[in-house]
Amino acid sequence: MYSAAVEQAFDHPVHAGDLSGASGTAGSRALGTEVAFSMQVAAGMISQMTFQAYGCPHTIAACELAVEGLLGKAPETLEKWVPDRVAQLLEVPVEKTGRLFFIQDALRNCWQDWDTNKLDERD
Amino acid sequence: MIYLDYAATTPVDENVVDVMCQCLGSQELFANTASSHAAGRKAHKAVEAARDRVAGLINAAARELIWTSGATESDNLAIIGAAHFRRLRGKHLVTSVTEHKAVVDSFHLLEKEGFTITWLHPDEFGVISLQDLEAAITDETTLVSIMHVNNETGVIQDIGAIGEICRRRDVLFHVDAAQSFGRLPIDVRRDQIDMLSLSAHKAYGPKGVGVLFLDSERIRRVEPLLHGGGHERGLRPGTLATHQILGMSRALEIAHQNLAQEPQHISVLRDYLWQLVGVIPSIQLNGHPSRRACHILNVSVADVEGESLLYGMRNFALSSGSACISDSAEPSYVLKSLGRSDQLAQGSIRFSLGRYTTRAELDQAADTFIATVTRLRDLSPNQQSVGSG
Amino acid sequence: MIYLDYAATTPVDENVVDVMCQCLGSQELFANTASSHAAGRKAHKAVEAARDRVAGLINAAARELIWTSGATESDNLAIIGAAHFRRLRGKHLVTSVTEHKAVVDSFHLLEKEGFTITWLHPDEFGVISLQDLEAAITDETTLVSIMHVNNETGVIQDIGAIGEICRRRDVLFHVDAAQSFGRLPIDVRRDQIDMLSLSAHKAYGPKGVGVLFLDSERIRRVEPLLHGGGHERGLRPGTLATHQILGMSRALEIAHQNLAQEPQHISVLRDYLWQLVGVIPSIQLNGHPSRRACHILNVSVADVEGESLLYGMRNFALSSGSACISDSAEPSYVLKSLGRSDQLAQGSIRFSLGRYTTRAELDQAADTFIATVTRLRDLSPNQQSVGSG
Amino acid sequence: MYSAAVEQAFDHPVHAGDLSGASGTAGSRALGTEVAFSMQVAAGMISQMTFQAYGCPHTIAACELAVEGLLGKAPETLEKWVPDRVAQLLEVPVEKTGRLFFIQDALRNCWQDWDTNKLDERD
């Protein structure tokens, strides 16, 4: 039902938390899934990133893996993030893959938040 | 794995295993109870002795019991069988929205067939109002079905009072007692019950065998669901499973003998568990605070997603609703009928305790539960309902 | 007591008893297969593995099998369920008068509900004519049900040829194979069978569990007989009885493994018995001389009253018709359909042999049978049909 | 199902057979029960009596007991014979007691046969 990768990430999420910096959320408790990301960028790379999640174990684990994969990347990567690789790594059952789009949305929102703030700085 | 899912099913009592294995291994009892030869008669006698013993435990007569494949079949046979048989008398039936699926779906079928069903709603504690029930009965009503103990919350309905109303209004009364046998005394005469469903596997007996009690004075006949051969007074054909029946009767006898102590002991454990986990902020007890069978503690915690909660408790055998519907992700219809939100219904855990539950197991369960709730809440975004964008 | 009633039921094979007792006694497998926790998943896996194994034995896929409480329920679900589901397509059905009561009575119910049934009559040897069968099928026909092996005579119907006709005429084909499993090979694909009923207890497994095969391509759905919970693809609710299912699968596997030798061995014994008792004057074999399953020898003796004949054989477990109807004194409808008079139908004995039958047992049975027939004939008034007065 | 008394009489009927003398039958094979009695009278008493029966074990046993009870009695006793006592001794189930009337009929027929012959003798 739950792969070993889900179990590991669910039990020991090392990137759970909240940062000051850019942030993005998606979903709601009423929808059963609500996720939030926050990050800090340094030297054009994501230097710190955390997540918060209300959702099923697959959702929580997927957030953890998403953050893991994004750290050290350019912030633009957030915009292009798609859940396929994480879904595969975690063996997310098909009927649940829809939930991962909340992660995609939240990451885009996080990127927009960062992008807006960056533009602000240029002005 | 620590087992706290006794409401879903119970392990088979060792004494019952012995009886069944003896019966299976026996050179003598394997014969077909319908056979007229000596071996057949011996098996027949054993089954009839078991029927007699089980009947005695609920104050019924042996001829009033039908062996079935479980409470699901008993419920179906009672409800569909009685409604069909009495369809010329009236096509109105009464039940509640918190019944087990076997009851609910039997009524759904009848509804599709043109019967009118009054679905009673319980109060916030899960209790059906006697006034509502009496008000629902019309001249067209032929049957009321109300369960004794709810399988998700453990809430006890006042079947004695309902029986009195039904008898007075001359309506048949069916009780699903799958969860109550061995936890509460059952007396079909005292409580004026016309039909009663039992299952062995909720009381330390084997799965796949049950009983339907049919009051011999009140019920001339129900329409059978299965056809073929004259077994069980023509109401339930098929070769009787002697080992299952002897196993069920032994299990029910043991459970009945234990009635004086076991429920009391288990309810102490259950209260102990509630004391431990009740400290969690925003935890709610589902069901009536006191009118509950000994074995179930069902709680909802706010701001925790149900599947992750259950996954955090995965070293425990637990259910987050009726086992029978835990395949689906739908929030429990029973909890929703008590007014719980989707989230609270989904974020619920049913701890169900039994004969082999220990205090140490409950300590572990409570520790893990508290830790899981705390951790999941810490993990959650603080804001409520933030839209995307 | 010497057991020669294997067609009524079989003792449970020791290996099967072991499997079942292990399962019952296990700390692990008792959980509800519908539960999502680890214990539940383990039980679920065991049940699904058993489903897979049983499916393989009849060349079906696991998803095509439904667990039931026995062949009676399988027959009912197949026949009533399919006829109801297809009632808009047509209300004509075909079966034979020599089917088991579970089939006959299912069709009787449908007849009462307004379906038209063509009841095929076998020839004097018990065989259904393929011409008759094909001629019976009309545009309104939705279902044909013909058993594989008859439970009273052992006569084998040509289900391959019937399957071919039904498939060509686009009619569903149901086969009651309760008596044939382990005695004849069964291949639902080769024989183009759409639905097939099995029972464990006719093949050294436990009573109270059976299987219904439903071809996944041909059968979208049948209307369930029981309602509640979504078990078994919504076709058969109720908590699955893991020990029964594992027992059935073990029994069927063993029977299947033995297919190469056991039926051959048993038919030699059966022929030996016929050689011994065939010397009795005016004895007749009931059923086809060669197209018969290995385990049944059914004979009628003239001028001997059936009940006394059976009583004379009382140290043997034997049946004088189907065990399922031996309660009643009615002469067997199966034998009467072969053209036997009431007396010959009543004065019949079904010897049915099995895995544990020995030549010495048959010697004893034959001796007693010959002695009883001789004695009862000597005791009879010589005149036929003398009126009173 | 079958009492010890039935078993004993069924297995060891000592009065089975056919005599020259008065005789009476009743029932038929088609009816499932056919019984026949024959007797000889000496000194106004039934000196010898036998039965034949096609029927269920209760019927056979009842014939045997009937003969046993009648031997040594006056032949008129046959006319008044009722199955009650035999039914009781053998514990014949209620649903089967009807069959015993064939015995009653056959005994009456036997008495009539004897009576007629006796009258013949007087003439």
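Chains here go by letter, A, B, C and D, matching the order in which they are written, and residues are numbered from 1 within each.
Keep this in mind: a contact is a pair of C-beta atoms (placed from the backbone, for glycine too) under 8 Å apart; a residue touches a chain by one contact, two chains touch by 3 or more.
On a predicted model such as this, the values are computed, not experimentally measured, just so you know.
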| item | value |
| --- | --- |
| Partner chains shared by chain A and chain C (touch criterion as defined above) | B |
| Farthest chain (mean CA position) relative to chain A | D |
| Approximate Å spacing (C-alpha centroids) for the pair chain A, chain D | 100 |
| Separation of chain A from chain B, taking each centre as the mean of its C-alpha atoms, in whole Å | 43 |
| Chain B-chain D separation of Cα centroids, rounded to whole Å | 61 |
| Residues of chain D engaged with two or more neighbouring chains | none |
| Where chain C touches two or more other chains at once, by residue number | 36 |
| Pairs of chains satisfying the touch condition | A-B, B-C, C-D |
| Of all residues in chain B, those that touch chain C in their complex | 1, 3, 5, 8-12, 14, 16-17, 20-21, 24-25, 27, 30-32, 34-40, 69-73, 75-76, 80, 100-106, 108-109, 199, 201, 206-209, 225-231, 237-244, 310, 314, 316-319, 323-328 |
| Residue ranges of chain C touching chain D (in the complex, touch as defined) | 303, 305, 307-308, 311, 342-343, 346, 376, 378-389 |
| Interface residues, chain D side, partner chain C - complex | 2, 10, 13, 16, 18, 25-30, 32-36, 52-57, 60, 102, 105-106, 109 |
